[in-house]
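Note sheet for the following structure.
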């Protein structure tokens, strides 16, 4: 469903992403790993349209989307979370998530001012989608809480819910389990599995090896912007380049 | 349900109060202070959309106020237009000019945007002030006609003008409210929160910023046209940066981002400055510090006071929050099992 | 040594930390384990002076440092690598690091020497030293934050989840570095989600839940404890 | 002199005038670079601190019978104290509030200072005496000693300030406080004291600029208003926080004004500065010398 | 309240049965901001007159002795504020007369004064002719017409220095009208007018640039003027850049206020309005003495002070003659009242009032020669 070819991003003299090609099959989980600064977040930014690539080509569901801006990508069905959550701390969880479905609505300012039927219908629809998404990620009961009062884990779930409300096909999750303890990480892993079961496709960046190894169908390893390995968890775990550049002693842990 | 009923009753009461006000307050001086406050409030609602909702500090608002005012006044004086088509033209011109400025200014960010728009405001002010041939320079335009009459009802009387401005104020508040509680409005709030996130959930950020900017200039333009029609006289001073500062002041004192804020702020500050006149030459020695104190002690404006009280109450319920979280975790536990 | 007694911190009416007692003996490395929101960061912030305690007492080498402003706490030898990094995004990596030694800015040579040590620890920072800190990747920024704390040449080093967002290899390196720093005699208080790795280099540890210490013990005691195993080691 | 000679003389004279005015702008912009460009505090009262500095010096010169340089020093000292007070009483309490709040508070300070000056010294224009009133003629060009003094002082101050910010730890500390106040505290920088120091320096610079510039012009309570707006333009034009940018911005603006005034229209001279900003930001949205990468 | 002749403007605080009544006189003008000095000058003239009138005890209405009180409001030079202030003065203080010293404010107030009750006499201290276009029956315009100066100024300077005229006037509308009128006369007399270098006198940091530009065209005479002190800076810059010719100085600028910025030497060859202290008006000596006594020996009165002073006296006499505080009745007695004002209270002299409400009087200018003010009579234009 996602096809990346020769993707390159240059910041000044630095090639943050360097000639990366890969392919994501629908309804699978792909993990992207690599040392800090390897270009993982940049790669996500490129796919999501937040940054224009220097060279290369991105295809989504057979369409060339190399130069589509981020909001267009969202409309086409790519949702993402950020390495640091960007929720609106003062608003409630529900209010944060409602806006996610706006891109599927068509009412504009005029509808809002005259409170047109369409507007009311679409507002209801957005609310329903938001509740649906919150229910899916398991925090429906927190809907009316201000975001600043909820836990880290709940925030991560809210961020996913926001993505889900856009009705995506592909989700890009950047270090979604960062800062979570093992127990919480387990629960988030459960959620990711649930996503795939419900037909979504997931790409994620993570440094927690047990999570990567047990979730991913395929793993792509970046180093200095270049793809140094790709394969199943077993293949990657044994790859000496990966061990040297990234895993170190954790290779054993990852193997357990 | 209940709070909604109360709110509706409150809003209706306020509406009726606004209608009855000029009948109760017949003193022409107070009426003028109130009407001018309404007019400034309308322009400030525009500022609230761009600053309060979208998070962009635009310092050109008074310039656009002037564009609206001069468009309307010149059309009436030079081409003998009626007030109403002139007002419409003022709206259109400030929209179009706002759009053109938006295209260039919104490419800049943060401080650059603020100073860019300040420069636009200053340019508009200077052009209006110096273009003697068109605007009659700082002498200004004399004898600008009022709204005329609709059938037998004259709107040119003090009472008539009050109701004209009042209707526009109500419309402005309505637009501000419905925008705040609509999907496009939420998109603006999302932009204020984080442009990256807004973009990622499919908001064409640039388009929405332009929308907010253009709306703000349209509000300013209409307010300007009302001002010209109400005063009957128009000078370039109302387009100076100080007027933009005044609007910001109304917004901050009233409560930035809130619905009541602009009106509340405009009324309170207007009456405060009238009151301070008794201190003559020393009034600014008092007004300056009062302003600083208000900003320091009510950073969210007066409209936020009830919210602050509510929040304090909410804090006492923090225990409830903890419990709800525990419940949520259980809920997500089922997600895990579902896997 | 560090002695924290009956520490209570409130934000608003409900306490985030309540009656906590913690000691770090000279030369000890102590870990704090706890779920999200347990109060670990709050304890760190209070120790380094960013947050004022509601009650309790903090002593460093017998000296009362309770409620000391953060910039004074640094002078007492407390360096804090905080949650959220708190870097200066538009300053270069090098300036960020050098500012870590602000209190000892007069000794230029020592400053340079320590800068070298940090670069040895995180070689990638040497290549990036002239880049603005804000343009670094998440993990690289974490390295700057740790490096900056080390630049202060502290007696007590507070590390709040230093491995957050770091690659496994780097996590190993960081923990190894912490061990080495600790070996030079610096007291270390460490909060880590990566509990196993953290416990491996620690002398002792505390388990914090809902703002209270619910368990304390030596490394081995904690590693053996079923409660710790289940909640924090993911066994 | 032939036609061409006259035209050349005018051009050279206008360039010279532009350099003088550019130095004035840059001098005023320097303090603002610190508080707005570096600390990102939009202090619209900065021009009024400048005004106050001029009045203090005027008082010292005329009522206390100081001579020029001691009066300058005195004004700087007084303004340092005023700057400290403003920081403590107004901006420090607002350090966690949004920037608009600080901006409007600074407008409050501005109104207050203007009213204060008017209450003490009256609303009239005053002329500040200077021992450097003589005119120097360089060929067909003329310039006063005071104007030369402004140019030299501007250049010296800019070099010093740049060295201070870029080469000293205190300078780095100022930038650090601006970018992350808590982070600065954590490395041992007394953020509060650094903020005070910054304001003190900025206000002192404002006073210095005022005492150098005012003998060329006049003193009156509203004298800071237009100058400060142009100073904001200069800082943004040069790229926030960049001192070389502010210098170049100042000179570009002043030259555009004097040459534009001479060859286009003097009537719209004030407009030129703002038009230049709009033009340049339309082409380069982050200013001429965008800060770092 | 007491009111004579069916007037409906009761007094603000009448003294009841004590045989006295208080009448409030309104003022709205700039008391803060850039133009405050000007507003204060006007206000001080009015206030001094009111003090003198009250002291004289001469003014009575219905047999009651009138005490005047000035109620002044700051409008920061802003027309809408001026209009609001005027409404406040009329509604709350029932002021029969309101002074306003700027054309914007006057125009703003004129918009409603004709139609609204209670109305009042608008005493306009501005020589902007636009204010007369409304034919407002309740308007009094105080300063002399500026066009009277054109011919004498032009003749004097052209004769002494030559016929090339450079222009550096203030770029306000008033300055531009002056410029247009004056250059026309200059050309009619056979002179050449060079390019117009109008600048903003309030915001220009350094006049060198514009002066260089004007001098590059080698003028014999420079036409300048705006607020006095910046005007002085223009003269100074011109002399410093080697200009040897004469100056035509617009009436807004006053030579007496240029002292300390330029020397009399630098002013040689300038024509402009006569300084108030040297003005050969009937009551000038008395006025100057009074000013020194009341405001301080170091304070020099100017024409703002003097003209508003004598105008307030005219109003007082008109109230007395009308035996009422009704604006229309006061207006009806203005012409007669002018004759009643004691000569010593007419520093400049006032001779009559035109049907549009413009006060007339002798106009006298000066030519500076060898550091001395020499008198230049201006024939009146009616």
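All chains are identified by letter, namely A, B, C, D and E, in their written order; residue positions are counted from 1 within each chain.
As a working rule, contacts are C-beta pairs under 8 Å (C-beta built on N, C-alpha and C of every residue); 3 or more make two chains touch, one makes a residue touch a chain.
Just so you know, these numbers come straight off a predicted model, no measurement behind them.
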Query: Chain by chain, through touching neighbours only, how many steps does the shortest route from chain C to chain E take?
result: 2
Field: Steps needed, at minimum, to go from chain A to chain E via contacts
entry: 2
Winner on C-beta contact pairs when D-E is weighed against A-B: A-B
- request: Report the chain whose mean Cα position is at the greatest distance from that of chain B.
  value: C
Message: As a quick test, compute the distance in whole Å between the mean CA positions of chain B and chain D.
response: 32
- prompt: Where the centres are mean C-alpha positions, what is the separation of chain A from chain D, in Å?
  reply: 48
Field: Two or more partner chains touched - positions in chain E
entry: 32, 171
- line: Listed in rising order, chain A residues that touch 2 or more other chains are 11, 151, 153, 186
Task: Hunt down the residues of chain D that sit against at least two other chains at once, touch-wise.
output: 114-115, 118, 267, 270, 293
- prompt: Where on chain A does chain C make contact in their complex?
  reply: 11, 33-38, 41, 83-84, 151-153, 175, 178-186, 207, 209-210, 245-250, 253-254
- prompt: Which of the residues in chain D end up touching chain C in this complex?
  reply: 169, 172-173, 175-176, 179-180, 182-191, 241, 291-293
Query: Within the complex, which stretch of chain B touches chain E?
result: 27-29, 32-33, 36, 130, 132, 136-140, 142-143, 158, 227, 231-235, 237-238, 274, 277, 280-281, 283-284
For the chain E and chain D complex, residues of the former touching the latter: 32-34, 36-40, 168, 171, 196-200, 202-206, 208-210, 212-213, 216, 227-230, 233, 240-242, 257, 260-261
Message: For a test of understanding, state which residues of chain C touch chain A in their complex under the given definition.
response: 35-37, 124, 135-140, 142-143, 161, 164-173, 193, 195, 231-234
